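A short worksheet on the structure shown next.
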Amino acid sequence: MKEKLEALIQKNKVWAKNGKVADYIPKLAEVNKELLGITVVDDEGIYQAGNWDYQFTLQSISKVFSLMLALSDNGYKEVFAKVGMEPTGDPYNSLLKLEIQEPAKPLNPMINAGAIAVTSLIKGNNSQDRFERILDLTRTISGNPQINYNKEVYRSEWETADRNRALAYFLKDIGIIKSDVEEILDVYFKQCSIELNSKDLAQIGYFLAKQGCVIGPAHKVVCSELTRIVKTFMVTCGMYDGSGEFAIRVGIPAKSGVSGGILALVPNRMGVGVFSPALDPKGNSICGVHLLEDLSKDLDLSIF
Amino acid sequence: MKEKLEALIQKNKVWAKNGKVADYIPKLAEVNKELLGITVVDDEGIYQAGNWDYQFTLQSISKVFSLMLALSDNGYKEVFAKVGMEPTGDPYNSLLKLEIQEPAKPLNPMINAGAIAVTSLIKGNNSQDRFERILDLTRTISGNPQINYNKEVYRSEWETADRNRALAYFLKDIGIIKSDVEEILDVYFKQCSIELNSKDLAQIGYFLAKQGCVIGPAHKVVCSELTRIVKTFMVTCGMYDGSGEFAIRVGIPAKSGVSGGILALVPNRMGVGVFSPALDPKGNSICGVHLLEDLSKDLDLSIF
Amino acid sequence: MKEKLEALIQKNKVWAKNGKVADYIPKLAEVNKELLGITVVDDEGIYQAGNWDYQFTLQSISKVFSLMLALSDNGYKEVFAKVGMEPTGDPYNSLLKLEIQEPAKPLNPMINAGAIAVTSLIKGNNSQDRFERILDLTRTISGNPQINYNKEVYRSEWETADRNRALAYFLKDIGIIKSDVEEILDVYFKQCSIELNSKDLAQIGYFLAKQGCVIGPAHKVVCSELTRIVKTFMVTCGMYDGSGEFAIRVGIPAKSGVSGGILALVPNRMGVGVFSPALDPKGNSICGVHLLEDLSKDLDLSIF
Amino acid sequence: MKEKLEALIQKNKVWAKNGKVADYIPKLAEVNKELLGITVVDDEGIYQAGNWDYQFTLQSISKVFSLMLALSDNGYKEVFAKVGMEPTGDPYNSLLKLEIQEPAKPLNPMINAGAIAVTSLIKGNNSQDRFERILDLTRTISGNPQINYNKEVYRSEWETADRNRALAYFLKDIGIIKSDVEEILDVYFKQCSIELNSKDLAQIGYFLAKQGCVIGPAHKVVCSELTRIVKTFMVTCGMYDGSGEFAIRVGIPAKSGVSGGILALVPNRMGVGVFSPALDPKGNSICGVHLLEDLSKDLDLSIF
């Protein structure tokens, strides 16, 4: 496996030149776009290749963990009263459907509007408390208690937060969000700034692949159902408005972030973490997607 | 004239039962929806009827004055680089076209997005200074130095500002607004809270009808052109997405606010101020529109 | 006046190089884009300059005449049950608002969807009969019984009719159109193909400026009101989604067509016909708009 | 298994009262909404319950077969140059994204616009020939050579085709469709009118579950990939804009039609055909979806 991964990295790093590093945050913009790393975890062991230990921030990948916590805190019914279950076909930061569809609610928890709504549902005494619960969950399911958030990225998020703030105030206006917008955004920007490497992601993928259950006694959604729900969203909406094509070409649950990370998994079989910061026009890691496509074909991973 | 106005008030106050008082601010919601007052100013004199001296806040009518000041401060070219000149056919608080049209800018200065962009262009050392320039202009063109803003309404605006804040942060995100969003909103909410009565509006209408010129030495748009521009916007976009129907039924430049006020005028001939708080579904004073339609037919006021 | 017109033609023909001739119909595409002609009719006489006698087809200008006939045949209420009175801010061939607004009806009679709905309301025994009534009206109000339609353009319209057919079938689906779609399109394409010159347009403009009345005994909308309604639409929606800017820059009722014609008028004062086939991005004659802007400023024609 | 199916039918037929039979075609409207039938095919045998042998028309389910044929005729690249791979979040008959997204193409082959585009790509000498190839494929993969189309439904489709015709002419206008619109619609309406029962659907589902391959020597997409592609679309877009929720609640590839049929399958394991004509607001069989949800939970069928 390790040789295969090394070979796939050599083959697919050429795609980086067709991609673009996210530049809305200076900290993200300065990364070397040639980086490419992967970790695979399965029942037999852990396999790593390339820049597998490069640290990057979760960004949108954190939407998976906040959804798990919100479901566990509130149950299926309450969460899906505030956010839908449908892919959108619109960009991840779109407001369009909030304005033209009735009833107005974000179409799913993987677009920004939906993720902000989900974060507002996480229980806690204050925003610091809420964030720490997300961080704790990330540490637990990755098995890495060292994971923390990157304060510099977090501060940058604040400075470039205008579109997310527009989304959040819109949600407040239509009654989807009840609590203080600035506090919700504080949690949201912190969760986006959680920093880890491809091995941590692969461990999390393996946890989800195995329906692991650690969320604790208070959870209202039974654990295997909870992991099944997030895996389903990863297939239908995990790769922004490129999810449909990814399902065709790769066919496994995955969630990407604009930092270039991809959390992927094969149900009952393996977890995968990929990192490569050059992005395609939809915002997904261009080398990462190509590498996963090859891996899926080689090992016949598609769930379809 | 006074008898005619009294008669038109009697005839048209019945429409109030079909309308609804704006309820997004408690202070607006508690007003008596049966109120109806009008003032007409022409070369011969001032004519008043009904609750002509009831005090109400400008709300969207203030968009006319902030546009005058922004044009005077920056000139035609700079203002219309940030905001378009086209009616929208969408609700006044819509974000839709900002997302789907290229280049993204508010379609005109009479919708909320456009008015917030316009307010951001008004010159001043700070937000208090900017607001006072709008207040001064309102006092000058109405000839009433007593006019001030209603602090209670202003505070309420802040508390129900989520949609406007969403619009403003969206504008900031796409680069239409450059300065601090909260400061711009502070000016915007204050200008919406300026309080006056139908006589003050009629005086302002008369000023515009006569191409009055008082904005001061610094203005870059010559004065008659400046008043012509705002009058044109009043026709094409002054009555929200009911402007086209108002142009057909009444046919004179007018601008309404959700408090129930309407500023109207007949070029070269008369200024009209109307107040009646019950609104039709588009947000225009229902008695006010009917009364103006009758007045226009009686006196043959349509400019078309 | 004639010298002024000649001078304005010399000054404004340079804009042609910035414009593009409509190319969706071969017959339109082959015209010389340097052409520019104007006719003005007022109480004193007829003034002509440039290519004033060049023959071109009405295209969208015909929407004014079909609206007059539909209003006369059915009355205000029935027509506006099928088509709105609001400018749209969308391109003339847009379907967007038909899908997202409730109740679904074309926003005004000057966009294609609205004009097709209006044409469906014109009375007649068959499509030939309906068209001849439009042609007769055009002949009568222009005072030119020689006017006919261009059969070659008419046939070309059929061949490039896909978008209009999409609009028409959509209108049929939502119940706005009741009769046979192909028959309505036949009338619509014929009315677009009516051929005349700038003098004919200027005569029609003068007729509208003077509230002329010839539609006949059966009309249900009184005549001066009927002309007032069409003039109002010419201001709010006559120049496609450039109507707002035209109102600011020129300020008179006008209706353009993609062949490069503009029908314009000053209420109670003059009729104007312009022809120049190079179009700006919104679909209006680029030389024509600039020429009218100069003329309006020179003679102080703006109604605002 | 048979007892389980009988029990599930008893349990879930109560949902019919919450649903509505499709009424846009008289022939569909007159069906008894209490009907509910199911067939399951797996390696062990065929299991049937309820009104399993009731004949109904494919409607949107036919989109799966036309896609298989178009892929086989043209290859992956050519098909996806004309139609995308993304779920839309919009109703199945929407035109919205065709107007506002660049480049304009239907987002996927499971919405009407996409399916019409796909049908236009099927090879054949004429429309009858093209349709017969779809019919032959349906007969082959169901193993039932008796299957034919219902001429009465076909004729009704023509009479209520306005929205589909609007979509098709729009596609022609933007260059997605090259051939004659009426001929394409003829094939499309015939494929929608193919008539079969739940057993036929279950056989087809079993065929797809087993990556069966019968399309013939000319196909350019290798067979297991072809079946994988259509199964992926069934998950991301198969249940209209209820696909995301269906993936969460049921979690297997499925395609529904407004006649009340659902074609479903579990990869490598079983095929399922369901019929029950009462529909939920998204257009999916209400009893059918509930029954499949129970079946999936009982037998742990979700692929996630």
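Letters A, B, C and D name the chains as they come in the text, with residue numbers starting at 1 for each one.
The working rule: a contact is a pair of C-beta atoms (placed from the backbone, for glycine too) under 8 Å apart; a residue touches a chain by one contact, two chains touch by 3 or more.
This is a predicted model, so every value here is computed, not measured.
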Quiz item: By the touch rule set out at the top, what is the minimum number of steps from subunit A to subunit C?
Solution: 2
Quiz item: Degrees of rotation, nearest 5, to put the Cα trace of subunit A on subunit B?
Solution: 180
Self-check item: Homomeric contact subunit A-subunit D: same or different residue positions, threshold half
Solution: same
Quiz item: Using mean CA coordinates as chain centres, what's the subunit C-subunit D distance in Å?
Solution: 46
Quiz item: Which integer distance in Å separates the CA centroid of subunit B from that of subunit D?
Solution: 54
Quiz item: Once you find the CA centre of subunit A and the CA centre of subunit D, what distance in Å lies between them?
Solution: 32
Exercise. Check each residue of subunit B and list the ones that touch at least two other chains.
Key: 100
Quiz item: What part of subunit B is in contact with subunit A in the complex they form?
Solution: 94-96, 99-100, 162-163, 165-170, 172-173, 181
Quiz item: Within the complex, which stretch of subunit C touches subunit B?
Solution: 84-90, 97, 107-108, 228-229, 231-233, 235-237, 241-245, 247-248, 251, 253, 267, 302-304
